[in-house]
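To keep things clear, I will list the structure first and then write my remarks on it.
For reference, chains read A, B, C, D, E and F in written order, and residue numbers begin at 1 within each chain.
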């Protein structure tokens, strides 16, 4: 039902009508709707939702791709660790090909593995626990990337005391409301007419976490599910709220997200982690936007245990404008390297790496993004 | 020159004449000459020397094949060791396929390796030292098989203090004069008309070590080299000494062997090793015929360090008459298993394993051993 | 980010402190960590990276489908 | 047992306590442990399992060959 | 900065594989030795190659199987190598007559398991009346190879010129059966999820009896045939569009993916279009016979669907691209992406 | 008690190899599928196989190379796979026309080295005017395979029936060049003795230009041809005598072994007869042309010797045996023994 072609076509008609009306009433040329979350971007691309939009409705990808914003020096550290005797680095598939900040080989955990580093890809943190139990004589380091959605994966086992002593966690977790606020605060130049808020993040932190967007910045925001019709419906809801002149917080994903989130999970998270200012790749330091293990669990914290200082180095690759792309401030086609020195086959910047990276998506979908018609 | 066909043919003529004369004079049917040493056996087989002898001259293989006489329980111990974490068993090629005493898989170091045991084959003890230096975190055990010739390989490095602490030696060394005396003493039923003494053993211990054979037992004995003509000449010398009625110690291999041997090497051996009663596979315990590390070097002794007691178990395979074959008391064809349950392809007893094993040699050479002619 | 898939809870195991759920995700049955306070067999949950992070409300789901039908007129 | 091959000493190295010889065995040049008291470059030795266990006397070798020739009449 | 070592991407069947084969192999062989006179080889880089002897075409295919695990639901490496290599001949329109197997096995491997593997391989050959005329058997020391690797080499004959892939505008694209069955099974095995996903099963099977007769019957109307192994359907369609400069449009809603497979892959975030089949053919046929081909395939026991068509590119950007009409009616480009990892986002 | 796992002996080319191929492969294939009608395959277990198409014989050979090290004095695995597989065709009396390579490479392998390997392989093919018409390229994860393994498949044609080994009483045995050159080089490399033995060098080379013309010219007089690879000369002569029931007598003094090779092997106690050559042929030819064959080979640059002859067995025990007249005039049996280790006694 959430993938019905008939409903999609009809909804897309409603969206066309509504946008036409809004543009006529406001005298604007176009409307910018930011999908914060990388998985929304995946839904949009995979189901070709942009081609269902009228040309005046831009769907702008936001900073919700963890591959794009994870600091390169975490990767550098783990590349080195993977070559240590008796150390095994464990990662989700997503971060496997993420380049570090150093301009030398091996540049990613994928390449480290090809060069003989010990790297394993797992589907879940529990698989990492199993690995560590299976090889008690070896040190294991788990790269914990992700937003609030993913934090329970380590927080719940941590507070339950179920993690073996030879498994360390490198917390690359980042928090989403702070980056949203940072974006709206520091970059007023980007005009957003609506925001699609991350559904599964909200399942943990609650829909109310986004109320400030509507109330403080006057931008309609919808917590959305990830089926293609969820997204199309969310866009419709945004336009409707613009049309009505009532920018507000809406929840399209009520079947999963409630106003206050998962308080049980949030308790575990706040027990296991402490919030602190953190670096976002290419963007810079964002206040209270990251998480380290709280003192009680600091013996599981890889950086802490190994004595690494989180010194923030500039990990932009020269010429790459990924920072602007990630924040929705520029389109990939504005990057001089796009499809020249930087291609999906041979990525230069982080946004070209992951299948959710905006530059990668543009590179692969240019023909349809540009509105080329088939018949 | 030592492989000249012309000389060999002429010498073989002389041997025929001489043996005819001796048989005529003594009224005997045949003459038994024992080649003590496995490498002499190799020369005899490889160059087809038996086919150059008259039918009345039997060349009988003696107990000088280390593969045949090394106790199976050494192999059992090392098979187990090869499966220990961080232990590497190192052997000369000769002992690689030698079966242990247990009637279950894996039966040899070769099979242990195939099953995942850590086993390395080296050309020399120095290669074992290199391995141990290269992998300092692992325990290495070197299987030191051999007679006096081979003892300097470990004795010299031991007394020079040049062996890393992670390299242990399992001394399976055996001494040759004691087994010779044992054979002559305990088995007067085997009538030997002459003995070819081991040339390279004698290079270390000196030709005089064999004087007792001639003086106490009245059997002519020749220290011989390993080229085919060395062996043929030695046989000639034995016959000559019989003909002259002067059984004595002779030295055919004067270019390498002197009367007193290598006193420098003997000093190192007596510093590093202590003589003791030892077990010979299938034969039993022979007084003062083996060597363990002397107290000063006992921390390199694998059995001592690991607390193994040299308990002598019967490691004969039921039905196998290898003990008698090794002592020259029986021919392989007298074994009921020969070429039935025991073949070179699927050896049952130790004498069928090595290319020097008497049963193996007979199995592979029966057609010519039986005197089949070609034309 | 945050790929999540819906599944039905078909079993619950409480290993002192750490609760795991046996979840049927289409034809796949998998043990996942529970990040849920209260959960029962028969509940539908969202599984993300091997963790059940949220329950799914059947009524709300129907409500959304109703809304879709209403707006699209299909 | 005891495979031994003749070779010519072409170099000597004395690493405190352990003497090694560089020996030319036909076309092969190999470092072996010396079990010999006195040895000089140009000497011929018997190498067994990577150890020089004995020197070879050129005169005695010739004597043996002479003996072979004499007995065989070749 | 290009990487100077081989990575698993080079063997995954996507762009990196095409590149390395281009640079490492094809670029090093003089053009006149890409094939024999009257034959085809590196010049076509198709499922197989052929030489011409008199009026006959002798067709060859070879592939090496390195699959882990060696035994999986629905088959094992022995069945796989036989059916995989025979299928390449079928895709060329050739009738397989003989096979050679080169087996490389690790010291310590259980003979019993090796027998099971060979039995499966031989059974597949026998069932299709293919002779096993030779091969090789090598043992590598423990730790030098993981279990068993088998190279298969198959020989087929054809009276007509073999099918060399050249799609034409107007062609219909037919998929003969459910896709991604093999790839999803292997992925589950590698993630230790086979117990979790009991509905998965490799589709490994030879197409000699079901697809070959149809190719033979409609030979003059079949412009391309390929088995979507490494890289899956996405890789093949991209190869076809790229090499022809045409556009392929597929309707994602029509691609046959079994429910159990779709659900499993959705959980992992992996696209079924990128996963291997080992008992499926993709055909590009002239539209006038498309329905008849579907019917004939169905009669032979396959489960075929017309999933799309070939068109002239409507813009420069659409040259050589594969466009999909999605389930909800949107348009998206299908890139050739062969590296599949579970993802959390 | 038989061992239930694969050991390195099973791949060494001696009796254990014959046994496993018999039990594992040949015993599992129905007799009517050992070859195609008019062709030869498992029924002859020769250097290659063939099928018959009209009046032409299409001949095939395949071998997998797992050699360690990959680079050695005198060549590398790329040159080896090309010349080795072409030589099998030459031994069948067929002219090679095409080649396919299946490369399996370990993740992390240097592309530069792989290029060197492929360059050598291609050069060997080009020099012999053999087309490279296809193949496969697979990457295995690090640790799953040691470096590079290559399977080669070669295709040749012959107007006459290929040479299927069947020695006859009275035949002379000819060895075309020095033996054990390749095997001793590899053995030295594996024992880390290459620096000690600078005179060693693999003989890997194709025999297309030197031996094939001679086989073609004297085809009707050549009863058997084989390249003494795994197992060396000892294995081949034993195979021939065993399969024919005849006796082969060789004169050890006439077997060409280069001095450097002989000296090195004597030091280790390894028999040159059991070590591989990769650029040598052994021929069993009717005595009336033996000298002419030797002369023709020598004109083509080879270094041939008549080393023995085939006779009727003079006793039951001599049936299927290889007897050697030794350097000193003694007689000894040459067993097929393929496993070579240095020994101290």
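Methods note: a residue touches a chain if its C-beta (ideal position, glycine included) is under 8 Å from a C-beta of that chain, and two chains touch if they have at least 3 such contacts.
Computed from a predicted structure; not experimentally measured.
Path length between subunit C and subunit D in the touching-chain graph (shortest route): 3.
In summary, the chains found to touch both subunit A and subunit E are C, F.
The chain with its Cα centre farthest from the Cα centre of subunit F is C.
Comparing the residue numbers each copy contributes, subunit E and subunit F share more than half of them at their mutual interface.
Chains joined by the most contact pairs: E-F. One simple way to say how far apart two chains are is to compare their mean CA positions; for subunit B and subunit E this gives 60 Å.
We define each chain's centre as the mean of its Cα atoms; on that basis subunit B and subunit F are separated by 35 Å.
Each chain gets one centre point, the mean of its Cα atoms, and the points for subunit B and subunit D are 22 Å apart.
The set of subunit B residues touching two or more other chains comprises 4, 38-39, 65-66, 92, 94, 114-115, 123, 127, 146, 150, 229, 356. Across the assembly, subunit F contributes 4-8, 107-108, 193, 343-345 as residues in contact with two or more other chains. For subunit C, the set of residues that touch two or more other chains comprises 1-3, 48-49.
Chain pairs recorded as touching, per the definition above, are A-C, A-E, A-F, B-D, B-E, B-F, C-E, D-F, E-F. Against subunit E, in their complex, subunit B makes its touches with residues 113-116. On the side of subunit A, the complex with subunit E involves touching residues 3-5, 8-9, 12, 38-39, 42, 45-52, 65-66, 92-94, 96, 103, 105, 110-111, 114-115, 121, 123, 127, 146, 150, 228-229, 232, 344-346, 355-356, 364-368, 370, 372-375. The touching residues of subunit F, counted against subunit A in their complex, run 107-108, 142.
Put simply, subunit C touches subunit A in their complex at residues 1-4, 15, 17-18, 31-37, 46, 48-51, 53-58, 60-61, 63-65, 67-69, 71-74. Those residues of subunit E that touch subunit C in the shared complex are 193, 196-199, 259-260, 262-264, 266-267, 269, 343-345.
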